[in-house]
Amino acid sequence: MSKRQKAEFQAIKAFGLAGALAVTLSSAATSPARAFQDEGTIILCSIEPLSGIGTSFGQPNYLGKVIAVDEINAEGGIEVDGKKMKIKLISEDDQAKPDQGVPLFRKCAESDNALVITGTQYSRVTESMWGLLQKKLDDPKDGGLQVPSMSFLSMKAGVTGVSEWAFRNAGDEPAQHELAIKLMEERYGPFKNYSGAVEANEGHSVAAWKAAYTPALDRRNIKATEYVEWYETDRDFSVQIRKLKRANTDFFILSSHLQANVGAMLEAQRQGFKPKTIISHIGSDAAEMVELGKQSTEGIVFPTAIHMAFPAPKVKWLADEYKKRTKETYMPQFVGLGYEGIMIVKEAIVKAGIKNRPETLAADRRKVRDQLAAIRDYKSFAGMTLNMNANRDIVRPVYLVKITGGDFKLYWTPEKGFLF
Amino acid sequence: MLDVTNLTVSYGAISAVRNVSLTVKAGEVVTLIGANGAGKTSIVKALSGLVPKASGATKFRDTDISSLPAHEITRLGLVHVPEGRKLVPSMSVEENLICGAYCRTDKQGIADDLDAVMARFPRLRERRHQLAGTMSGGERQMLAIGRGLMAKPELLILDEPSLGLAPLLVEEVFNIIAGLKQEGKTILLIEQNALEALNSSDRAYVLRVGEVVMSGQSDKLAEDPELRRAYLGVN
Amino acid sequence: MPPDALLSPTPHMRGVDQMYFFALDLTQTTIDGLLFGSTYALVAIGFTLIWGLLRILNLAHGVTVMVGMFAGMLSASILGLPFYVGILIAMSSGAFIGFLIDRICYRPLRNAHELVPMIATLGFWILIEEVFIKIYSHFWFRDYVPFANPFDGIGIDIGEIRLRTDYLVTLAVAALLVVALYFLIYRTRLGLAMRMIAEDHDIGNLMGVPVGKVLTIAFLLSAAYGGAAGYLLGMTANLAGPYAGSQAVVKGLFSMILGGAGSIPGAIVGGLTLGVLELQSSFLFSFAYRDAIVMLALFIVLIVRPQGLAGKRMADRI
């Protein structure tokens, strides 16, 4: 081999080694795949963004699930066919990328033989993953996967419409924001200039604008005075904030996630842009909003499903567990949704009467799916009653949170109204 | 001063130069002549370290330079003025000359040599701040040789200095070489122009397809009928 | 899609006000773009150094930016060190990465085909970024971590135009680094060596330049500049995130091509222009089409002036 050929071979080796190392490292952070279902355990899969963009939503959600699984296993497991079986929770990291999430979903369904696949967060990934599922039940022409899957977070309106095997426990966004806008108007209105900022390359934020905020404005015969967009990875928001400021915005709709929100709000602070009211969605439910945003994010209001100030004692217990494991003092709703979600799945499994043997996997999956679809008057650990609607979305009451004094304070409940 | 024994240079599977041996003594002007592709440039590139040798021993002033990197060979005093000149077009005449003195540290010596080169090539002095890229072919060749001299060479290798030049300029180049010879400089001259090369040198080696086919005193070789037929176009 | 498609006027204001604000905002946006573009210029300079000397695109350059950002974050937010110390730390960390890139991606492969070291830098980039993200997620529970910005909130007001202090500092640092680079290249022996090598490696070899050593220095220099850019990018956004490297590569390459590949003035012009282009296309047209407009501008420039905005035509070899 000539010197040149040797060097080329070296390069290919080096590159291949680098690639292999990268792949190994990416999968080393997650648990290795189990080939077959253990007869002694129930296999659940959990797919979310555990690193990269989306860590702030994926990690809390995942931890909520882990806490739930640990609690169930500590009591011996789930009652199945006369005996108690422990849960094995297989965790995967999709890094908020559809091209990573889709193969992981397939792996969970086909090689891990999971009974239920839970996940994920970013709607673009959830939709792609659920695209693998059979669309309509009992359709002989559809060779899609037949595994019940439930997301405890993906907020994009109507995302469960992709398949009859797909479920969601997150909340009805259009209803949430209609309520939020209505309450703010009653309390602080009337407003003159409603403006919106949308994270243009993020599916959920765009969908929220189209399906939740715009219809709400239309119902009030209001046209947005100013409309700006940015990307979740942007670093400069000066043009957008200036436009909002020029429009004398007093009602500001922030349909965007924390990554951009922090930057945008800091810029707003710099330019002295202070609207009377700011409404955002669950993308603002992350400690970074106050840790990185500091004063600039004061006053932001967003809807929540579960808040750590709820009276139910189990909620405080969960917040303490979360704090023990992460040293975080604030527990975002995703933790509770993850915990609750596992509990909901557990109940569905118990009611389904599965056998949990390799040969009964397909039948078991179908039974669990049907139980999930039939959830009625489920009493959540957080105190409220939940029902699964015809679109396979869990219907739940809405609460509002306001960032006040550097803290996420529970602001409004259906029972008590405004708390301060 | 220079001893080359059994030099072989290969590019991949092709050997451009096979088992070539030659010597250059101090004060001599030795020339390598041969047709295009005979391997002349490959030999000097291997000597100056620009291309690797496949095999062979090279000794320069009692130092084995067979495995030395190019920049160290230059610092020993073996200065190669390359084929095509390889000047830096975006630098001025003066800057290009300073480049030649890169590995020297004697400020005064460099300044003196700069003056000497300008004196030898008055046209360069006229254009000392002009960009090298805007100069004519003949001027560039002078600049290249001047740059080589700035390195204070013990042995100066001139690779195809007359290539691409008009006949009048060719004459000028060989006048310069004659001048250098008179000053006692040791030169290894690579040339396609066999007639002028033989006239300017003491000894010559004739290369064909990578091998030395003839060697000896230049004036004797110039009278060799076979050589005259092959390289001087004489019948 | 937004309520108003391509141009976004402000119909709610009076005509005169509208014009005044428009002119004002146009000026402000241009200034912001120039100031912010200086970070792009710094990144582009890093690319240019390696491209000019080696004719390879150092795709691992973004890693130096990311490392500089995080070293700066550690220095500024966690250790609370002053700004000028932080920049030096960021540049040193960047330089260290540059050293690695030289030793791993270039040196062992320099005898191979010219594309091979470039592919190696690609592998380096992917590998280090993946490893970094994993380590980062292990330590921090966050997408971003705070980067202390001591100049935040203060600025100089000229009438209604605001010059942010942190942006001015960025421009000052970038300018200082550029001047230093010019001094190095045109007034030192090392610079002379680099200019020789940039023309042809053989010239360097024949003049007695230890080419390998000088190239290592070039990698260190390029990477140090990348590290400085990382620090400034983190500081002005108040955030450090693990994807900064990838973003930097894209912006830096665009800047270099826009301004004229292989020339330092080109990198500077390209970086500043890109900064202005990005902000102006957001301001004048639509945010959604911002990237498309920038690409279109790049495309047009390359058709009309293929050597880039500030590039020189390819000179004949002599």
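As written, the chains take the letters A, B and C, and residue 1 is the first residue of each chain.
Convention: a residue touches a chain if its C-beta (ideal position, glycine included) is under 8 Å from a C-beta of that chain, and two chains touch if they have at least 3 such contacts.
For clarity, every value in this text was computed on a predicted model and none was experimentally measured.
The most central chain, judged by C-alpha centres against the centre of all protein C-alpha atoms, is C. Set against the Cα centre of subunit C, the chain with the most distant centre is B. Averaged C-alpha coordinates put the centre of subunit A at 35 Å from the centre of subunit C. Chain centres here are Cα averages; for subunit B and subunit C they lie 44 Å apart. The distance from the centre of subunit A to the centre of subunit B, each centre being the mean of the chain's C-alpha atoms, comes to 74 Å. Within subunit C, not a single residue touches two or more of the remaining chains. Those residues of subunit A in touch with two or more other chains are numbered 3-4.
Contact residues on subunit C toward subunit A in their complex (touch as defined above): 2-4, 8, 10, 12-13, 21, 25, 28-29, 32, 36, 104, 108-113, 116-117, 119-120, 122-124, 126-127, 130-131, 133-134, 136-137, 141-146, 152-153, 155, 162, 164, 233, 236-239, 241-243, 247, 278-279, 282-283, 286-288.
For subunit A in complex with subunit C, the residues that touch the partner chain are 3-4, 7-8, 10-11, 14-15, 18-19, 21-22, 25-26, 29, 50-56, 59, 193, 200, 223-230, 233, 235-236, 238-240, 242-243, 246-248, 258-259, 262-263, 266, 269-271, 287-288, 291-292, 326, 328. Interface residues of subunit C, counted against subunit B in their complex, comprise 189, 192-193, 195-196, 199-200, 202-211, 315-318. Listing the residues of subunit B that touch subunit C in their complex gives 48-50, 69-72, 74-75, 79-80, 82, 84-91, 95, 98-100, 102-103, 132-133, 140, 151.
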